[in-house]
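For reference, the structures are reproduced in the following blocks.
Across the two complexes that follow, subunit A remains constant while its partner is subunit B and subsequently subunit C.
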Partner chain A sequence: MFRTVFTRSSTLLNNKTAFVASGKRFYADAVKSEDLLTFSLVLPHQTIYKDKKAPLITLPGAKGVFGVAKDHIPKIAELKPGVMQINHEDGKEEKFFLSGGFAFINPDNTCYVNAIEAFPIEQLDQEAVKKGLAQYTQAYNDATEETAKAVALIGLESYQQMAYACGVSV
Partner chain B sequence: MAGQFWRAAGLTYLQYSSMCASHLRNALKEPFRATANNREKFESSVTEYVNGKESSTLTLDTALLQKQLKLTK
Partner chain C sequence: MNTTVKASSKLFVGLTNQNQVRGMATLKDLKVRLGTVQTISKLTKTLHMVASSKLRSAEKKAEELGAFNVGPSKLLSEIKSNEALDQLEQGTTFAEDRSNKQLVIAITTDTGMCGPVNHQVVKACKALLSKDTEDKMIASTTGLKGTAPLATDYPKKLLFGGRDFGKQDYSFPETLLFLNEIIAKIPNFDNAVIVYNKFKNALSYSVDALFIPGFNLMEQHRDKFYTYQTTEDRAATMKDLSEFYLASAFWASLYQNRASEMAGRMVSMDNASKNGESISQGLSLQYNRARQAMITSELIEITSGAAAIEDSN
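And then the complex of A and B:
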């Protein structure tokens, strides 16, 4: 019954091959080590992870948040301030706040994440974030000159993302 | 909030990224904040000589960067 419905709908869509190909994706019961992405998270002054295996990492791209798993299309992406989430092999999630940088996704299932600063989100101070958010919202509203407005907006965007990361209501 | 608004306003990528990094360092809990801010410290100066005489000196340091961050205050 299940199959009949699917066959019919896919025939109706006249897209049977595409359906078969995408139909292979299900929730996995166990992640095999050859299905993992190898990534490195490096800062100018510290190497947080080097050639670490993980099923999925989620990055704050300048054009939107995106996930990287094995067989991701190769690309170089600019990162903006935001949360990077690492889904570890053992099912644990780890979150870092990146200040921005670049991610290089290579054709050989490796990914280099280069950031200026990265800290575990637990190290963010909620009070400081709240204060900074208020300060830069004010600065953005007050600014008239273009450069001043941009500088304030950089601060505002950074603090908005930090507020989101450490659970301060905006 | 368009993409690279800062570039349109005449800022460079290095200025943008160091500002973002500074904001993050300033929003950390102690003692991480102190450690991170110590790492940020730098000082250098650019001196221009004209006919063997010092004509101008520009000091580039953390204080200048912090001032730039607070351009809008």
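And then the complex of A and C:
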């Protein structure tokens, strides 16, 4: 009797297709909905995503880009202009350009991203980005006053990030 | 200047009263009044229709755009009073200089004809300001309807009123400009209170006061945020967060108030057109009666004249 069981299980192991199938099922189980992060991406005038589930989102923090998945440490983060990436449940990636704002990561695995403006990066116009980049570089070099320099720097950094996002060489 | 205007208007009323014909209103007077009432009814009916069509979109927006405040308010709405600041001993050092000022921001509308919407907000604001004996509060309003009543009662406490603010539709940059004006004058406010009408449904709304903690107050409640990680420059993040929360809460309240305004206008204009209808019914009855009386008296005059001629023949 033992023998039959043993042979059966060994045939299962040897049967490559069965093994792959079970492996696949295991992978699908890994992205169960309770293992996902619930996030909202809201703008003042629009709600892009509300309580959407995703395995991972990547945010442009003021002190560096960081990823948020389930069980991330609770965090209040300021965002700077940059690209937010959403890895959707179905494996698709979506990228938004944010103009800055705040992100709140709560202990209950919810994440609120409050941005002032957000656009899919495909909507960025490369020509306009090049133009803006040149304009603010000029403004930054010309500025002598402290406030004017700061304003120019903000513009410059935003355009640099936009250029990086849509693949314009700086 | 106001007294002279009042006096002269009184004189004017007196004069016209003297000239008025005594007795029953003439047919022409009645017709003019009937026409006025009917025109006003038409106006109120139109306003009612406009308000009810705008209500739907305003309601939808209030619900949708309120999402912008969900994140920050989840974090900060637990802080409901600035007792923590007042309980501190003298000479405590604060994260930034304490201004001892509280902002009161009243959200009112530019145009009237919307029932008790603005009145309720003004009343709530006055109640807040009347309690303030230590001259701590600074009020500012959006919309004209709140500015005048607050300016007459508390001229020293009113910072400014935003006229034509959000006349078409509120825009976020415009909102930031408005708040920036306030923050530029009182950069380190203890807390802010936003007074607005919270929208419930098409028939009901209620005045709500939203409490926004300032940076110092947030630092006093630091224990609430212990679980949260921030960047190295924690103070800067919290300072920014206090201003950001003010903006996001203000933004959500603006749309709540807009929806309440539309609901209020719809109800009050509906009532006004019903009233107008009943008045115009009464007036047209009176008008027809007077007209009939005139015709009858003319007929009597003719027939009696004819009878007199027949008699003399």
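Things to note:
Following the convention adopted for this analysis, the second predicted complex is superposed on the first by the 140 of 170 C-alpha atoms of A that agree within 3 Å, B and C clash if a C-alpha of one lies under 4 Å from a C-alpha of the other, contacts with A are read in each partner's own complex, and residues count from 1 in each chain.
By our rule, a residue touches a chain if its C-beta (ideal position, glycine included) is under 8 Å from a C-beta of that chain, and two chains touch if they have at least 3 such contacts.
Nothing here was measured: the structure is a model prediction, and the numbers come from that model.
With both complexes placed on chain A, subunit A has more residues touched by B than by the other of subunit B and subunit C. Once the two complexes are overlaid on the shared chain, A:151 sits against subunit B while remaining clear of subunit C.
Contacts of A:116 after superposition: both subunit B and subunit C are touched. When the two structures are aligned on the shared chain, A:132 is found in touch with subunit B, with no touch to subunit C. On subunit A, the surface touched by subunit B in one complex and the surface touched by subunit C in the other have residues 45, 62-63, 101, 116 in common.
Chain contact summary for the complex, subunit A toward subunit B: residues 45, 62-63, 80-81, 97, 99-101, 116-117, 119, 123-125, 128-129, 132, 135, 139-140, 142-143, 146-155, 157-159, 162.
Contacts from subunit A toward subunit C in the complex involve residues 40, 42-47, 50, 61-63, 73-78, 101-102, 104-107, 112-114, 116. Of all residues in subunit B, those touching subunit A in their complex are 1, 3-6, 8-11, 16-21, 23-30, 32-33, 36, 39, 68-69, 71-73.
Residues 64-65, 67-68, 70-72, 74-75, 171-172, 175, 225, 227-232, 237, 240-241, 244, 248, 251 of subunit C touch subunit A in their complex.
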